Structure formats: C-alpha cells, structure tokens
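Consider the two complexes below, in which chain A is the common component and chain B and chain C are the respective partners.
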Partner chain A sequence: MSDLVQFLLAGLALGSVYALICLGFVVIYRATGVINFAQGGLVVLGAFLTHEFAVRQGLPFSLAVVLAVAAVAGIGMALERVVFRPMVGQPTFAMILITLGVLFVLEQASAARWGYDVLLIGDPWGVQTVQIGGATVKVADLWTLGAAGAALAALFALFRFSTLGIAMRAGAADPEAALAHGISPQAIHGLSWAIAGAVATLAGVFLSAGPKGVDLSLSLVAFRAFPAMILGGLDSPEGAVTGGVLIGLIEVLTAAYLVTAVPGVGANFHVVMPYLVMVVILIVRPYGLFGREEVRRA
Partner chain B sequence: MRLKLRNTRISTTYAHDLVLWRSWWARSGIALVVAGFAAAPFVLSNYWTTVLVYAGIAAVGTLGLNLLTGFAGQASLGHAFFFGVGAYATVVLTGSAHWPFPLWLIGAAAIGGFIGGCVGPAALRLRGNYLVIVSLGLVIVGQHVFEHWTSVTGGLTGTPVRAAVAVGGLDLTTMSLFGRPLARNQGYFYFTWIVVAVIAFATRNLLRSRPGRALQAIRDRDLAAEVIGVSLVQYKVGAFVVSSAYAACAGAMYASYARYVSPLDFTLFLSIQYIAMMVVGGVGSVAGSILGAVFLTALPRVIESLSASLPFISSTGGGGGITVFSLNQAMFGLLIIVFLLAEPRGLIEIWRRVKRYFLAWPFSY
Partner chain C sequence: MRMRIRWFLSSVSVAGIGLLSACGEAAKPTPGVSGDTITIGVIAPLSDAVAVIGTPITAGMQVYFEALNARGGIGGRYKVNVLVEDQTYANPSTSAQKYQKIKDQVALFGLVLGTDHINTLLPLLAEDSVLVGPATFDSEWVREPFLIPWGSTYQLWAYNALAYYRETAGADKRICAMALATGYGDAGLGGVTMAAEKLGFEVAATVRFKQDDQDFVAPITQLRNARCDAVLLVSLPANTGRVLGTAAQARFAPQWITLSPGWHPAMLESPLRDYMRARLWVSFDGAEWGDTTAPRMAAAMADLQTYRPQQKPDLYFTAGYTMAIATEAVLAKAVELGDLSRGGIVRASEALGAVSFGGLIGDYVYGPADRREPPRATTIFRPDPANATGLSTIRKDYSHPGAAEVTFTRAPR
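Our next item is the complex of A and B:
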C-alpha cells in the first residue's frame, strides 16, 4: 500500500511537470495555431542554463533558476520576433516544420556549449527523502508538486483576472475582434512565447533535479507532453493540466507494475505507453477530454 | 483531337496545362539528365557513386513526404518509422520467405502502405495537424518495437540483410555493360535511379490527375474543397498511404544496399533529414524533392571532408567546439529555418527564376 502511495506521489510530480510543458504548448497553440516542437529544446536549454548559473558560476540555486527562467523567456520572445513573426500567414505545416528546425538548432547549440555528458544542476534536494504515512517520498518531488502547482495557479490567475490575460484569451478566441479593441497581436504572440519559455525552464529544472541531471535526451521527455496535450484537448488549458497529470501517473504506474507483470513488453515500455494512450484517445474521443469539438456537417 | 501548341512557354489551353513535358527543350533537358546519369558511375569515384546511391534512396522518401506535406498540406514526422518498416519487411521477406527481387521491393512498399492505412484514419479525420503529433508517436513506438522485437530485428545489435537485386539470371550488381563489368556500386546506382525515375514519373502523373487536384484543393482551403465534393478524410488518408509506401520502398532499398540494419538507422533525425530535403529542394515540387535529396546527402559529406581544416569542429563536443554529427543536425535545422523564411519554395524556385529571366529575354523584369 505504501508502495502505491509512493508511486502515486511520484506520478503526480512527473505529471505536474508535464502539465507545465503542456500549458506552454497550449498557450502558443491558442495564440498562434502553431504546434510548437521547439518546446523540448527550451526545456533542455532552461535546465542547462540552470546548471551554468548554479554550478559553473556558483550562484545560489534559487537565483540561478530565476535567471534561467528569465533568460529562456527572453529567448522565447526573441524566437517569436526573429523566426515566427515573419511566418505569420504562411501555411500551418510550414510553421510546424520551422519549429522542428528551431528544436534541432537549440539542441545542438546546447551540445556545443555543454557537451553530451549528464550534468547536475546543483539543486539543494539531491537524494533526500522524507517519510509521509509510511511512504518514502523524494524531497525533490514535493518541491516539484508545490512549485508546479504554484506556477499553474499563477498562470490561471493571470488568464482569469488580469487585463493582460484577458487580452490574451481574446486574441486567441477572435484575433480580428481583439485587434479592433486595440489589443496588439504581436504583443500577445511575444508574451505567449515568453510564458512558454518560462514554464519550459521550470519543467526542465524539475525534470533534471536530484541525481538525474540534464543531458540532451531531456527533450525526448518533453515530447511526452504531446500525448498529454491530445488527451486533454489541444486548445484547453484545463485539459493540459489534467492530461499532464494523467500521463504522469500512467507512466509511473506502467513502469512500476505493468513492466514486471508483462515481461514481454520490454524494459522501457513506460516511455511508449503515453503514445499508445494517445492513439486510443484519438480513436475514441478525438477532441480530448476538454477540447472543443468542431461543429460541422456530416 | 490533335493539340496544336504554338506557344510552348505559356499555357493557352487547359490541355496544355496538363502536358507532362511542355516543350522540345524540356524533353531534350530530360534526355540530357538521363544521359548524364547513365555516364555518372563511370566518371565519378566509387565514394561519390555511393553518395549518389544514398541520395537516390533519399529522393524516393522525400518524394513521398512531399506528396503528403507539399500537396496535401499535412506535416509528418513518421518517415523514419515507415523507412524502418520497409527495411525490416525486406529482412523478413528475403530472409525466411525467400521472395525474389521485384517482389520483396513491392512487398515492403505494400506493408508500409498497409500500416499507413491502419494509422492514418486515427490521425487524419480531424481538421488541423494532428498527424504531426501522431507520427512522432509512431517513430517513438517504432523505435521501441525495433529494439525489442529481437527475433526479427536483432535488437540493438542489428541484423544482416541479404536482398539481392537480380531478375532471373540477370544480377544488377554483377552485370556488364558494353563488355565492361560493373561493380556492385555501379549496378546499385542504376537500380536506385531507375526506381527514382519511375516513382517521380508516377508521382507527377498522380498530381495532374483528379486525386492530385483534390489534394492541392485540400492544402489550399480544406473547407472549400469539402464544399465542392472532395472527401477530406479519403484523400488525406490516401496521400498518407502512398507516402508511407514510398518511405517503405526507400527503406527496402536502403536495407538491400547497406546489407545491415539496426534501430539506430531509424531515429527522429532521419525524419528531420527528409523534411530538410523537402524544404530545401522545394515544397510541392517533384523535381525539387530530387534536387533537395541530392544536395543534402552530399552536403554532410563535403563538410566531413573539410572537417579537418575547420577550427570550430572538435571530436568530443562541449566547450571547445562542435562535433561533425552535431554540426550536421544543427545544419539541417538551420537550413529548414532559413529556407522557410527566405526561399519557401526552395532551390527549385531559384532555378525557375533563372529560367524565367532568360525565357522572357529581353523583357527581363
């Protein structure tokens, strides 16, 4: 029983990180209609920058995270300005292809700077654990849950209560009407990319906290937020969070139980599981749990 | 009815618009290209013949991707997966089943198309680019299957392939031409580029027919296409099936030529390479696909040969410089970005501009 509690908490922690990455996807998708494959690159870059500030420059960890978040948010805005703004009005597939190009450039630029080895990001949690109701829980997981929850709550508050957030929702719902009200689409697109960069960095930090460290394969982990996004519905922030948490739980529970119960599936089966869930969702409920169903004649 | 084409440059009738080779010049241009290819393996070194064989294999895959992305407007990352399916289908068909030459190639393509037809409907019945996410999943699930289905794939260590290219008594890899014996490489060069020619011709023909026009209508405005009676799902899935079959065909050719395949040949980077070839060559152009495939297969080889003299290249990466492998990946990414921003129709558009300039002479503006 305590095993299950332990796995559930680990799954929730992983899921909340996916939720962060997913929310970055959804913010950009709603504002610009682009499925952003470069998000994984931003996650990697954020984690590497945290390593750079905390370990190489010797800054305090919390300051390093703040600096990395700010830096990647700035890089996100710069990408929007230089690469994506000239592409507005081009076909969607071209926009998607260009995000793939950005992903490979970001990854390899990071490799050129930080190499291919696993690097620790200098977090204070390490391998510490605490006992909660008989279950052994990693301190890093608790911090992940707390910080991811706080970041998600802050973002939802931004969308719900601030003028800026409402402007962003208006721009996503009807760009022309928003423009007529004096909302600048450029500002909204830039801000969306900044938010995506910031949450990607947070996700990168928590994914590589403790002994795991960061290397290039982290961007593959970020890809697993795509099934979460389909599960929740491409255009729904609530769906992004729910989908992220569900995929995190499914992944951890698969690794814990299914792989030992069914030995034939192979050791890394939990990596594949989210995509199988995605295909089932697409067949059964193609708009996801929270997505808006398209109205059309049969 | 006999067509009378006075002006061979500008289409004046609808029928003329459909003609495959517009003019005497186009026909002689094709003849020149064919002659050049026939002579190429005797002129080029063994190394560059090999490079061109791989370029031909890449051209087949890129043609498939271009059909799907350039004409139906659906981005896909799945080419690495279908390429792998074709390669392993060849392993099975030639290994335990002992299928002879044209059959294993056609069989591998058919298996790829069949799997595409099974996956396609789940990803393509929605409007929007769901396919790109589903196909990413395909590559990752495929990678897992290739690594763990050891009885077929040999796991991470890979498996040898013995897929001969021989019809009856004629083995393409050991035949002789005009009394001169051909090396294996030269035989494969002809085999590969004949397949490229056949597939390029088939694709061009497909695109000027009813399904081809339907696909372009879907790409340009799916709602309008649906209103005039084009079944979106049917045509998009159809394009995906043909595209998957092309990719599997390329994979089968690769397996036969390389004689050894491992799961590491079919990673996401392969899909990115195909995307870069399509974008650099020309999205929505048959000739552009081939041009992009040749250009981007040759470019890494050129960089490799220069790597000793380039100061920023290191063998380990990190700090001091960038590895050749890294540089290639970054370069493919960068080329996708630069071409989509600066020359979205690719290299082929540059060629067209040059041609237009001289055709309109002396009114070159």
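Our next item is the complex of A and C:
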C-alpha cells in the first residue's frame, strides 16, 4: 500500500511537470497552429538560467526561479518577434521546421554558456523526504505538485477571467473576428510564446530539482510529454493538464507493476506505454480527450 | 594475317590495361598519409550531454600526439594530425555519417566513442579495411579484427567488482543490476550474468532504463523490494545522479557499483555527496589520477601541463591519452614494417605483440584478433572529494581467479 502511495505521488509529480510542458505546446498551437518542437529547448534553458542565478550569481533560489521564468518568457516573446512573425503566412510545415532549428540553437547556445556537465540548480530541497501514508515522499515532489498546480490554476484564471485571456481565446477561436474587434494577433502570439517559456522554465526547475541536476539531455523530455498533448487534445489547456497527469501516472505505474507482472513486455515498456496510449487515442478519438472536433462542410 | 594483327592488338590492350592498373595501384595514395604527416580520425560526442566524456577523452588523445610530434613523431619521421568530428551519442548513425565524411582523409580512427556507435561501424570497417580504436570496453571488441581494443572489458569490470564485493561483504549478499537500455548496458549486464554463473548466485532483480527517463521511483522500488544488498549500475553520469538521488530519497542504501562511464567528479558537489561516499564504488581498469607509481602517469601529467594547462583533472583525459599509446604503437609498427597502406596498418596491428601502457591501464597482448589477450584486472575506487578526480583507490588491480578463465568470442555477424 505504501508503495502505491509512493508511486501515485511520483506519477502525479511527473505528470504535473508533463502538464506544464504540454500547456506550453497547447498555447502556441492554439494561437498559431504550429506544434512547437523548441519547447524542450525552453525547458533546458530555463533550468540552466535557474542554475545561473541561484548558483553562479548566488541569488536566493526563489528569486532565481522568478528571474529565470521572466527571462525565458522574454526570450519566448523575442523568438516570436524575430523568428516567427516574419514567417506568418508561410506553410505550417516551414514553421514547424523552424521550431526544430530553434531547438538546436537553444541547446547549443546553452551548451556554449554552461557546458555539458550536470549542474545543480541550487534548490533548497536536496534529498529531503517526508513520510506520507507509510510512503517516503520527496519534498521536491511535493513542491512540484504544489507549484505546478498553482501555476496551472493561475493560467486557467488568466484564460477564463482576464481581458487578456478572453482576447487569447477569441484570437484562437476566430482570428479574423478577433482582429475586427481590435485584438492584435501579434500580441496574442507574443503572449503565447511568453507563457510557453514561463511554464517550460517551471518544468525545467522541477525536473532538475534535488540531486538530479540539469544537462542538455533534459531537452528530450519534451518528446516524452508529447503523448500527453495528443491524449488531452492539441488545442485544449484542460486536455494538457489531464493528459500530462494521466501520462505521468501511466508511466510510473507501468514501470512499477506491469513490467514486473508481465516480464515479456520488456524492461522499458513504461516508455512505450504512453505512446501506445497515444496511438489508441488517435485511432478512436483523433482530436484527443478534450480537443475540438473540426467540422468541415463537404 | 588479320588474325595475327587482332591477336597482337588484343595482347597489347590486355597488357596495357594491366600496366595501367598496376600503375594506378602503385600511385594510389594511402588515405591520411601525406609527406611526413599521418592523419588519424576521432569521432566523439562534443556537443550533447555525453560531451562531458567526449571532450576530455579527445583532449587526451590530442595532447599525446602534440607531445609526440614535439619529440619527432612516429618513428621519428611522421607527425600526427588529429581530425576530430562530433557525433550525437543518442544517435549511432551520426558516427556512420562522420565516418563516411572523413574516412578518405585518415589512415585510421584513433577513437570512436560509444558501444552502439562501434556496432554501427563494424561492417564499414571490414569493407574499407580501416582500423578503429573503440572508446568503449565491450568484450566483443577483443576478437574484432578491425578494432584496436585496449584495457579490460565492461564485463570484467562488473565481474571483478561483484567478486570483490562478495569477498569483502559476504557471499550471502543479494546482488541486483540496473542498466541503461543500450549496448553499453547490455555489456555491463553481461558481466553480472558471468559473475552469477561463475560465483554461483542468483541475480535478485534486474531493471533497465532509458537515457531520457526522468522518474526512477518505480525501478528503485523494485530493487528495494527485492532486498538488494548490492546493485551493479550501468549508467552515464546524468543517469547516476538521478538514480542515486531517487534511491537516497527512498532510503534505499545498497552498495552501488558503477562502471567508470557512470561517474563524474561533479557529482561530489551534489546533495548526494555523503550518500555516494558511503554507498558507491566505481570499477574500471587503471591507475588513480596522478599516481606516479604508474610510469606513464608522470609523462601524462607533464604533457598536460605543457599542452593543456587549463584541462581539469579528468579520468577521460587519461583514457584518451592511453588510447593514443595504442594508436602510436600500431602506426610505429607499420612504419617499421615499411607499409603504411590500409592493409599494412591492419597487418601491423596483428604483428604488434605485447604493448605496455606504463601502468595507466593493464598491458595488452595484441596479435591476430583470435589470439589477443586483454588485461584481466580491475581497480575499485570510491568517491573522495580530497582526490583530484574525486576518486581514490580501494583495491588496485584486483583480479578474481574466475576472470582468468573468461574466454572471448566474436559476436556473430
């Protein structure tokens, strides 16, 4: 039983990080129709910047995180302004390829500044644990759950209740009508990239917390979060959260139980399982659990 | 008469073609050999997470040849030029691309890093008759004719470390394994299997993981539930921190034994420092950094100061330096035999005999691939912040009697 509690909390913590990454994918997809493959680069950049501020510059960890979030949000906006805005109107495929190029640039620029070693981000949790329901739970995981939950709630409040959020939703739902009402698509795109950068940084911080540290391989995590985005629905923030949490739980529970119970599936089946779920979802519900089904006139 | 003319013309044509072929063969330059310079290739990860290994190991090879060039070069005649290409560790096909890119510019490859990368290249090496120094220690390399293996093997590192653990901790201890899902992971697990067979124990649990896994709670719980006293961990530095971090947080404290690619001194700066000092061993073949009882270590340290004073103490630097000794030995033999063609270099590798690495690692007896004899001993280290590379020796050159009985076979192709 204590193992199950431990697995559930670990799965929820991992899932909430996936949810943050997915939300970054979703806000950009809703605003621009582009799947942003550079999201992993923003994750790793955010974690490295946290290391920079907290360890190299010696700032308090919480301040370092705030600064890193602000910096990557700004970099996201700058990328939109300099790289993507001139490409508006070009084929989506070209835009997607550019996001891949941006991923490589972000990775190598990070490597040039911080190298290839595993770097600690100076978080205060270290290897601290607490006992919950007989299970040993990482304090960093509890902070991950709390902070990710707060960030996601704040974003939902922004989308639902603020003028800015309403403008974003209007722009995503009907760009031409939104434009007619004075909503600037450029501003919406820029804001989307800023949000993607901010949530990617939070994800990077929690993935690097404790003894794990950050190195370039962290950018690969975006691909692990990919099935969560498909599961939830490419254009649905609610789907991003649900998909992220489900995939995190599926991954941890598969590794914990299925691989042991059915050794024939292979020792790394926990990696395959999210993609298997993704394929099944694409077959039975191509637009995901919360995505919009597009209706086209014949 | 017409027949005789035709016969004459045909004979002249055949002779001419033969003569042209012979001239072409004779005039064909040996790739990588030009005037008094021999160019050797290096393919290593220099811009991904494994660059933490690729960069210092490449530097070690470069420093060795810079120092050798200053002393007159190979055989006192040939300077060595090192041509370096970057690969992506997670994608072995990048090594095949880089191999094709520079194979016609190099006499041999002094260093290619990664077990899966070497496996990708093996068919190409046989086609092109090119020798490669593998920066990996799979037992399968011993019998590969187009490789210049060096040092002991991953399998023997694992075997000796587990034998030493059972010898010091007790034969009733429960042994487990945790390995990357790569060829390197397979090689390490091969050593665990070998130890289980020869030493007579059951492996209580084996778990695998992927390089980009972010959460290790489930596999660590499996190991904890299997009541493992020792876990042989086949990993890279980024994985080691994450695995041991999860274990420490789960209050699971077996004796962890990792192979040298799983270690990096930066780990001693993490919150895991005390846990690692108490619970981690690192197993590989060779001398501690700066151990001048090893004759070539003093030379390595002096060359480092002269040619790369900014290089931090790093086991992988000495690994690259050591590999260069093997490369030099092969090329020096080819010069001695007067044949620096690709075929001549391969024949030189077969004629080498014993090569001493001056205590940096164990000596290797080369020869035709089916008669090569690698060193069998292993050194066991523990994390130690007081030492330059963060490791100090627990037991030097340990070789369980069973290690001497290990036979090496070529993998079926």
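One rule holds for everything that comes next: the second predicted complex is superposed on the first by the 287 of 298 C-alpha atoms of A that agree within 3 Å, B and C clash if a C-alpha of one lies under 4 Å from a C-alpha of the other, contacts with A are read in each partner's own complex, and residues count from 1 in each chain.
As a convention for this text, a contact is a pair of C-beta atoms (placed from the backbone, for glycine too) under 8 Å apart; a residue touches a chain by one contact, two chains touch by 3 or more.
Please read these numbers as outputs of a predicted model, since none were measured by experiment.
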| item | value |
| --- | --- |
| Superposed partners chain B and chain C on chain A - clash or fit | clash |
| First (chain B), second (chain C), both or neither touched by A:268 | both |
| Touched partner set for A:87, first chain B, second chain C, both or neither | first |
| Which superposed partner A:6 touches (first chain B, second chain C, both, neither) | second |
| Touched partner set for A:111, first chain B, second chain C, both or neither | both |
| Touched partner set for A:252, first chain B, second chain C, both or neither | second |
| Touched partner set for A:173, first chain B, second chain C, both or neither | neither |
| First (chain B), second (chain C), both or neither touched by A:98 | first |
| Of the stretches 73-81, 91-99, 127-135 or 253-261 belonging to chain B, the one that collides with chain C | 253-261 |
| Intersection of chain A interface sets (partners chain B, chain C) | 108, 111, 115-117, 220, 223, 268, 271 |
| Chain C residues within the chain A interface of the complex | 47-52, 55, 90, 181, 206-215, 217-219, 221-222, 225, 237-238, 241-242, 244-246, 248-251, 264, 266-267, 269-272, 275 |
| List of chain A residues in touch with chain B within their complex | 35, 37, 83, 86-87, 90-94, 96-98, 100-105, 107-109, 111-117, 220, 223, 226-227, 229-230, 234, 265-266, 268-269, 271-272, 275-276, 278-279, 282-283, 286-287, 294 |
| Contacting residues of chain B [partner chain A, same complex] | 69, 73-75, 77, 119, 122-123, 125-130, 132-134, 136-137, 140-141, 144, 147-148, 219, 272, 275-276, 279, 283, 316-319, 321-323, 326-327, 329-330, 332-337, 340-341, 344 |
| Residue ranges of chain A touching chain C (in the complex, touch as defined) | 3, 6-7, 10-11, 13-14, 17, 108, 111, 115-120, 126-129, 136, 138, 207, 210-213, 215-217, 220-221, 223-224, 248, 251-256, 259-260, 267-268, 270-271 |
